[in-house]
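Chain lettering (A, B, C and D) follows the sequence in which the chains are written, and residue indices restart at 1 in each chain.
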Amino acid sequence: MIAVMQPGATAEDIEHVVEVLRLHNLKAQISKGEQRTVIGVIGTGFPDDLLESLEVLPGVDRVTRITRPYKLASRDFRPLDTVVTAGGQRIGGPEFVVMAGPCSVESREQLVQTATGVAASGATLLRGGAFKPRTSPYAFQGLGTDGLDLLEEGRAQTGLPIITEVMEPGQVERVAQTADVLQIGARNMQNFPLLKEIGRSDKPCMLKRGLSATIEEWLMAAEYVMHAGNPNVILCERGIRTFETATRNTLDLSAIPLIKRLSHLPIIADPSHGTGHRYLVQPMALAAAAAGADGLIIEVHPQPETALSDGPQSLTLEGFAELMATLEQVLAAVGRPLARPRASATSERLAVAAV
Amino acid sequence: MIAVMQPGATAEDIEHVVEVLRLHNLKAQISKGEQRTVIGVIGTGFPDDLLESLEVLPGVDRVTRITRPYKLASRDFRPLDTVVTAGGQRIGGPEFVVMAGPCSVESREQLVQTATGVAASGATLLRGGAFKPRTSPYAFQGLGTDGLDLLEEGRAQTGLPIITEVMEPGQVERVAQTADVLQIGARNMQNFPLLKEIGRSDKPCMLKRGLSATIEEWLMAAEYVMHAGNPNVILCERGIRTFETATRNTLDLSAIPLIKRLSHLPIIADPSHGTGHRYLVQPMALAAAAAGADGLIIEVHPQPETALSDGPQSLTLEGFAELMATLEQVLAAVGRPLARPRASATSERLAVAAV
Amino acid sequence: MIAVMQPGATAEDIEHVVEVLRLHNLKAQISKGEQRTVIGVIGTGFPDDLLESLEVLPGVDRVTRITRPYKLASRDFRPLDTVVTAGGQRIGGPEFVVMAGPCSVESREQLVQTATGVAASGATLLRGGAFKPRTSPYAFQGLGTDGLDLLEEGRAQTGLPIITEVMEPGQVERVAQTADVLQIGARNMQNFPLLKEIGRSDKPCMLKRGLSATIEEWLMAAEYVMHAGNPNVILCERGIRTFETATRNTLDLSAIPLIKRLSHLPIIADPSHGTGHRYLVQPMALAAAAAGADGLIIEVHPQPETALSDGPQSLTLEGFAELMATLEQVLAAVGRPLARPRASATSERLAVAAV
Amino acid sequence: MIAVMQPGATAEDIEHVVEVLRLHNLKAQISKGEQRTVIGVIGTGFPDDLLESLEVLPGVDRVTRITRPYKLASRDFRPLDTVVTAGGQRIGGPEFVVMAGPCSVESREQLVQTATGVAASGATLLRGGAFKPRTSPYAFQGLGTDGLDLLEEGRAQTGLPIITEVMEPGQVERVAQTADVLQIGARNMQNFPLLKEIGRSDKPCMLKRGLSATIEEWLMAAEYVMHAGNPNVILCERGIRTFETATRNTLDLSAIPLIKRLSHLPIIADPSHGTGHRYLVQPMALAAAAAGADGLIIEVHPQPETALSDGPQSLTLEGFAELMATLEQVLAAVGRPLARPRASATSERLAVAAV
């Protein structure tokens, strides 16, 4: 951290800065220029607000941070890519994964039909919400634990590992019994008690980017989970809030190559929430693959017009099959194979299910 | 809700829309214009995603909602202002309230010094964080229940009711034992399990606007609390996230007169988080009062440069005293008195504290 | 347009709305529901602010527009894709175009080296700025007409048509003598006198999206050019301003398939300005191609670290060659050929240049 | 400027940075820490993109600027407040100015009625648009020079100086013949040819903040005008574009005290465009005054529902009178008098008008 003094700063002002640093057990390296004095801060364990604390001292013009605040999530800390394994499926390796399924689990018929449909088209994980965060208290809030049971049936029939959302710390244990990947929703990206609790779980998690989260805040949220003990974090870009209302969110695909540079964690894209319109899902899914994503999460529903949530952005089973066909060609162009469900995992699951 | 068909929509397309509405137990009112057909949706209990569901049907060009999605929070529903009573203090009535105190409770000395200082300058509630949401897992996370105990001491010595944050559903019961007002932080504005739990509490709450929440989403979050049974919701504008980085957030003061028009709930402003810089707090506090706010929440610290959090935006005790003096004059100009702590409440508390 | 009255609106309020419509030569279609009256507005040529004018009338709750404000730019108006021809090159047809070259024309050597380099790698147009809009008055402002002369040399040597920016109405005539495509910069997207003047030109133009322009405002800006007589408008997504500062802008690739649905105009992407970082250019260029763009505009500089502007986001000639190789494969995956410079055009130009 | 090297940066990487600085005639001050080397850049006249140029060099982790890019507009450069005199009226001194009038000049009757009305209520300047930037080419584009003539009539009758917008460089000379203050609209804040031309004029100008302009970009735009020779720049906060659509823009009142700290230029607020709704104008006008603005610009129309532009945000003459009454009290609370039109100026003008 570097504090730049104002042109007219006095020796007393400079001494004041040094004194404040001393209070925090930090040392000052003073460099006097022709016009201004610059004070470098030396030491470890900077307080969270040190920058702002210095900025308000008399004679200080501006303070700038010169290192990034995340450590465990940083590529400096771990140069090689993290590969997360969930239900026997590798995420973040060379193979590109596709998580697909309905927004909400609505019924056995709906879930099983979707699960077998997406599996047939080559999906590698099954998504589906049992606990649903909804803007309105009057909207369908999900089937809860019954939804978790139905997801288990879907897994038994298809062999696909499950990803499903967990909304509060008290739910983590129960959801982790069912889920292969715990999903942290965009609105919960900075729900710190939830992040800590998932950090204590042994299940991998997928951390969606918050609606207005910077890349740095997103990595700091991953740091919370990792710091609490869980290194298996998958990031998911799902669109940010901007002034543009023609799309539900603005899918920030540049986050993909940027995260690849800053962090070793896998990153996937969610073009369904990222756009909010079915006709935009395929183009943006292909774009995410071309930009270097490790995978996709896609909402699919057998009859989107009757869906209890997110129907307008859900692909039909036919639409999903069509997407997968083109996706494989785009992936080939950038040198990546599409992940295939592990046969052994499938048989194993089916065997278990048959018991 | 109104669905506008494309110029070339067929009779079949129109019938399809009618059919989907029927599935949701809704009726269609069809109005054929020269160029386009417009279908009005009639009935009650529209599904949350109805708009988007219709928008993707063949032949539909655009769907628009004509009523607002919140009910209990709406001024249509309750034309008169809601006045919340907390620890004997009225919020939302003619008197303007000022909640003041440190960002985090750090020690007995710090808390008591701040509490007596702000009380002496005319504050009407004492704020202070015991559980702290922090961007970094390495930052000070608050004193927890020890902090709550210190807040009670502050109340005992000053008679000021307490407002403090609650971060997760499992904490609500404990925090409500101490707090006169439960604070819901900006990052938790759409933490739906927390909103529901606070909705079941008998303590008033203050709901901060989310970093990227629209006015409508904010009122829908209030609706969650009210729908669960708690009508005593105070709204707090604390700045939204925009492209501008010169301030910590952009304090959207126009939200104050806008909320006054749309809702009956009290609304206060937080110029400390709204700006992030001490030298901006007083001008924006006065501006909020002039714009019609029902109160303020202000961070005050006896020695901001040593604060464990938010030092740069905290006023000193002297700065707070100065603000209060000018504030009273601005309030007089717009015809509002500054609230005064209820003598009886104070004596009563002091009597209890003296036991 | 539809005006929804408040539940308590009186007959007088309704009559007032009808009266205001009459003042604008519009008719009202009144539809009384159980709770509310809805007034449809019938007629043509709605005033620009009609919506807002109605919204403030007594008893009116909300007004919504049901048609889009652009006509000539709309796909409803012209269902087939517009193909713009510039310097013998087709833009918006099946072939994917790549415009490449330096941010600023700096010298004969720099321009010619870049032009021949990008031509060798398969670029289809040559870009280069002679008049430069710069945030700082102290920054390099471009070579002006000398830069235009150098661009003509570049074209003579390579056969590539030229795209270059025009900044004010008085420059249009001169720039159009040199340019094959007139570029309208992001900061000038709503420079209406400039749009009108370019609308009177017979040269095609490329209209960059403004930093904070909605899709609708962007198409309205195109409408200005088309309405003044010039149908040859190419749109260019170059990133929007959001809260995220890790990238120079946020490249909104969803604008590509969205524009394809709303309009018949060609659309290309600018991953150089869209990201601001060289290492993000290739991934985002490939993503744009996968999302359905009609082309790209890319900054290339032989020695980016000495560039007088935009060095950090410029590809080297080697980096550009590498991008082109992968791009061709991604395009093949989505069924599009890369445009090839027309041999005849090239020879013709070279012949002219040789005279 | 300071370049922070990566932990693993080599001696060669460091030498490369030094070499690039040398190319720009800048010196490097190298400071080796335990983990990282930091390179300070010494010299004057940094190239505009130096920061970004360094950031892409091998081994460089991050580059940060430590001084602000504007000079003439900075309070460091000129510690005392600039007071602009326009038509005999001082702007930026202790007196608070109010510019009022219609959005567009529509007719003699409308202009004269508004001018005499606002003058009677205490306005200090007359605003009115003759050349109008409109989002749609189909909307009313202003009366042009006829509008300027009508403004002169308004001035003759009331003695109020005139502020009116100029949209392109070629118009500056003509508009300056009429106007006392040249208005630069938000969409033209970075229309650099226009800024330069106004910089060569001897008339003061008012520079509106761009829809998505940072405080720094805004001051850089002022720098353009000042650098070209015109020191009489008034800034005008008129709302920025954010995700919130309930208001036309988000009026960023914190810009007022922030500009006062960073710059010596006067700053006023435009609550009409800042909110877009008549019922929000008075609260936000009072708030701007309380926040320390030097004045206001307000849209007033005798019959807003028939206005050709911006009717919904225009105050009636009665509404304006009411605002002025309360405004004076709020100003008194913060120790500022409301400016009064100079009697001599008025008589002089009236005398001229009577000839």
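Everything below uses one rule, namely that contacts are C-beta pairs under 8 Å (C-beta built on N, C-alpha and C of every residue); 3 or more make two chains touch, one makes a residue touch a chain.
This structure is a prediction, so every number in the text was calculated from the model and none was measured.
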Have a look at A-D versus C-D and report the one with more C-beta pairs in contact.
C-D
Greatest Cα-centre separation from chain C belongs to chain B
So, in whole Å, the Cα centroid of chain B is separated from that of chain D by 32
Rounded to the nearest whole Å, what is the centre-to-centre distance of chain C and chain D, using the mean of the C-alpha atoms as each centre?
27
Using the average of all C-alpha atoms in each chain as its centre, how far is it in Å between chain A and chain D?
40
Sites on chain C at which at least two other chains make contact:
212, 241-243, 245, 277, 279
Within their complex, chain C touches chain B through residues 2, 4, 6-7, 29, 31, 33, 36, 38, 40, 42, 62, 64, 66-67, 76, 212, 241-243, 245
Write out the stretch or stretches of chain D touching chain C in their complex.
20, 23, 45, 47-49, 52-53, 55-57, 69, 133-140, 167-170, 187-188, 190-194, 196, 211-212, 217, 220, 223-224, 227-228, 241, 276-278, 304-313
Contact set on chain D toward chain B in their complex
212, 214-216, 240, 242-247, 250-254, 256-258, 261, 274-275, 277, 279-280, 283-284, 286-292, 326, 329-330, 332-334
